[in-house]
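Going by the order they are written in, the chains are A, B, C and D; count residues from 1 in each one.
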Amino acid sequence: MFITVSIVILVAIAVGLVRAFRGPTLYDRVLAANMIGTLTVLMVAVLGFMTGRPEFLDIALVYVLISFVSTIAVLRVYASRSSTPGNGGK
Amino acid sequence: MELLLDILSWACLLGGAIFLLIGAIGVLRFPDFYTRLHAVSVCDTLGAGLVLVGLMLQGGLSLVTVKLLLMFYFLIFTGPTAVHALASAALQGKLKPTLDEHEPE
Amino acid sequence: MTELLGHYNYWIVIILMMTGFYTVIARPNLVKKIIGLFIFQTSVFILFISMAKIEGGTAPILEEGISVYSNPLPHVLILTAIVVSLATTALGLALVVRIREAYGTTNEDDIHVQDD
Amino acid sequence: MEYLIDIVLLGLLMITGFAIVRMRSLLAVAMLTSIYSLLSASLFVVLDAVDVALTEAAIGAGISTILMLATIALTSDEEKAPKHTPLLPLVVVIATGAALIYGTLDMPHYGDPTAPVHQHVASTYLHDTPGDIGVPNVVTSVLASYRGYDTLGEVTVIFTAGIGVLALLGYRTRRRNIQGPGIRKLVVLRVIAKLFFPLILLFALYVLFHGDYGPGGGFQAGVIFATGFILYALAFGLGNAQRVIPHQLLRIMAAVGVLIYAAVGIESMLLGGKFLEYRVLADDPVTGQHLGIMLIELGVGITVTAVVLIIYYGFVSRRD
């Protein structure tokens, strides 16, 4: 059962990667990265149960925080770039 | 009782997996960024939530379940916040049409 | 088949390593070079951790009733290597920022033109 | 079953690597690097390296990506096409790769328990840790106790990197806050950041002091701590973050952490042991080991937090 769930998660990650490669805007890529972050969290949690050692959920918790902070960081950078004239987007 | 819990947890896990898949397909197939946001929200809340509830039922009353609850709490706040920040940043970006057609390739 | 699977990890690691190597030597953009270095470093981490894995083993955190653990020593080495990779990446990026301020570009070709 | 996940994850990593090389927009590349790092971190979980996975996620996907983004903000997003045809590099790369793949053919199979790597010290560490040190996490016991010298060197490297970035980028205190237009109206983000900031710090403390029993330790905790402050700086601006944790304090903290580590070593010498021989620190050897590991993890955590924040402040305060 855990196997089915983890295969589904892997498929979803692959689909998210396709979106991250295709874009077309940067926002799409950030969105895909955010989704992959969530999926990785779930996969780590499921993996813990699958290998019979679910006490390693700390890793998944760190992933949640990190993917959140890096999403915010990229938006912050992008916003400040596009506001400075001559330096921002094309 | 044991069996009931197992069945419940499998149902939750399976439901969560289906929602994750639906969300992923949506991210791939939807035509533009704002519609894709909806698909990701399905993943972030319903899919992740159901999977975590399924795991909690497996974990029983232990530290594992507390950590899963904490994860649930984090995800339920960070997911929508990130998507909201993304949507709002994109909206402000769209005011400049050049950003809209930003083709990184 | 086992021959194929037995070295699969190492081969992918080498492909990743070469991807990073190619980025470092063929791309003129300095930030891209650092990212190439990052890919290279990560592939080395995966190589070490793949070697540490023992079939049927589990994470090296001792617990009653488990007898086979994966090798903890490469984990320790790589843990510290990741921290060092942060140090090198940060220093490299700081240098890139200074180069950009001095030359107005992060493109290696343009820097060479200005130097000549 | 784990094989399948391993194979799929490595395949995804490879595709991501190729995409990183091919893409020209550096912001997109930075996003992909973050994904790449997350994927490799989950691969580490599959390969049983839980401590490494924690570190890679916090450092690779978190801090490194944030630093790359900060650099791209200071430089430019466009990557120009190379002037030369990449034929020579391609030949070099393919030749090196072929040689390396030829080399792997002699390597023991993946997962082989009789491989030479597993024959020497590793089994000793696994066998002796419960009696000598008494912590369940063997990675922590090797890192902090058996190979304590190495880790002292590691912390010094981090400290040096902090000094290096400080020397290269300098530092400017910022009185007023400059708000990007994308964030100014984001009340939601500020509320959430306020809600999460204490939780992240609490969780970092948990990772720091739970490192003996589960995945975690000083390096990871330090990075998570710093991530909390970075989230604060992202939501409320650098000026406000500097009011919370000023730069002078960080410079002191960076040095204090290394000093705590070295002081534990000297203390154990004064008590009649060797440098970093923790068992003399208390009456009972195992208690001494616990005390020593806890103290040096604390030192590592303090230094890593301070240095990561010094680096982050350096990059961000460079703008304008």
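The criterion applied here is as follows: contacts are C-beta pairs under 8 Å (C-beta built on N, C-alpha and C of every residue); 3 or more make two chains touch, one makes a residue touch a chain.
Computed from a predicted structure; not experimentally measured.
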Selected pair, greater C-beta contact count between B-D and A-C: B-D
Centre-of-Cα separation between chain D and chain B, whole angstrom: 27
Cα-centroid distance, chain A relative to chain C, in whole angstrom: 20
Where chain A and chain B are represented by their mean Cα positions, the distance between them in whole Å: 10
Two or more partner chains touched - positions in chain C: 58-59, 61, 63
For chain B, residues that touch 2 or more chains besides their own: 74, 78, 81, 85, 89, 92-93, 104-105
Chain D residues counted as touching two or more neighbouring chains: 25, 27-28, 30, 50, 70, 72, 76, 181-183, 189, 196, 214-215
Contacting chain pairs - touch in the sense defined above: A-B, A-C, A-D, B-D, C-D
Residue ranges of chain C in contact with chain A within the complex: 58-59, 61, 63
Contacting residues of chain A [partner chain B, same complex]: 1-2, 4-5, 8-9, 11-12, 15-16, 18-19, 23-28, 30-32, 34-35, 38-39, 41-42, 45-46, 49, 54-55, 57-58, 60-61, 64-65, 67-68, 71-72, 75, 78-79, 82, 89-90
Chain D-touching residues of chain A, taken from the complex the two chains share: 3, 6-7, 10, 13-14, 17, 20-21, 23, 26, 29-30, 32-33, 36-37, 40, 43-44, 47, 50-51, 55-56, 58-59, 61-63, 65-70, 72-83, 87, 89
Sites on chain B touched by chain D in the complex: 74, 77-78, 81, 84-85, 88-89, 92-93, 104-105
Of all residues in chain D, those that touch chain A in their complex: 1-2, 4-5, 8-9, 12, 15-16, 19, 25, 27-28, 30-32, 34-35, 38-39, 41-42, 45-46, 50, 53-54, 57-58, 61-62, 65-66, 69-70, 72-73, 76-77, 178, 180-183, 189, 196, 200, 203, 206-207, 210, 214-216, 220, 224, 227, 230-231, 234-235, 319
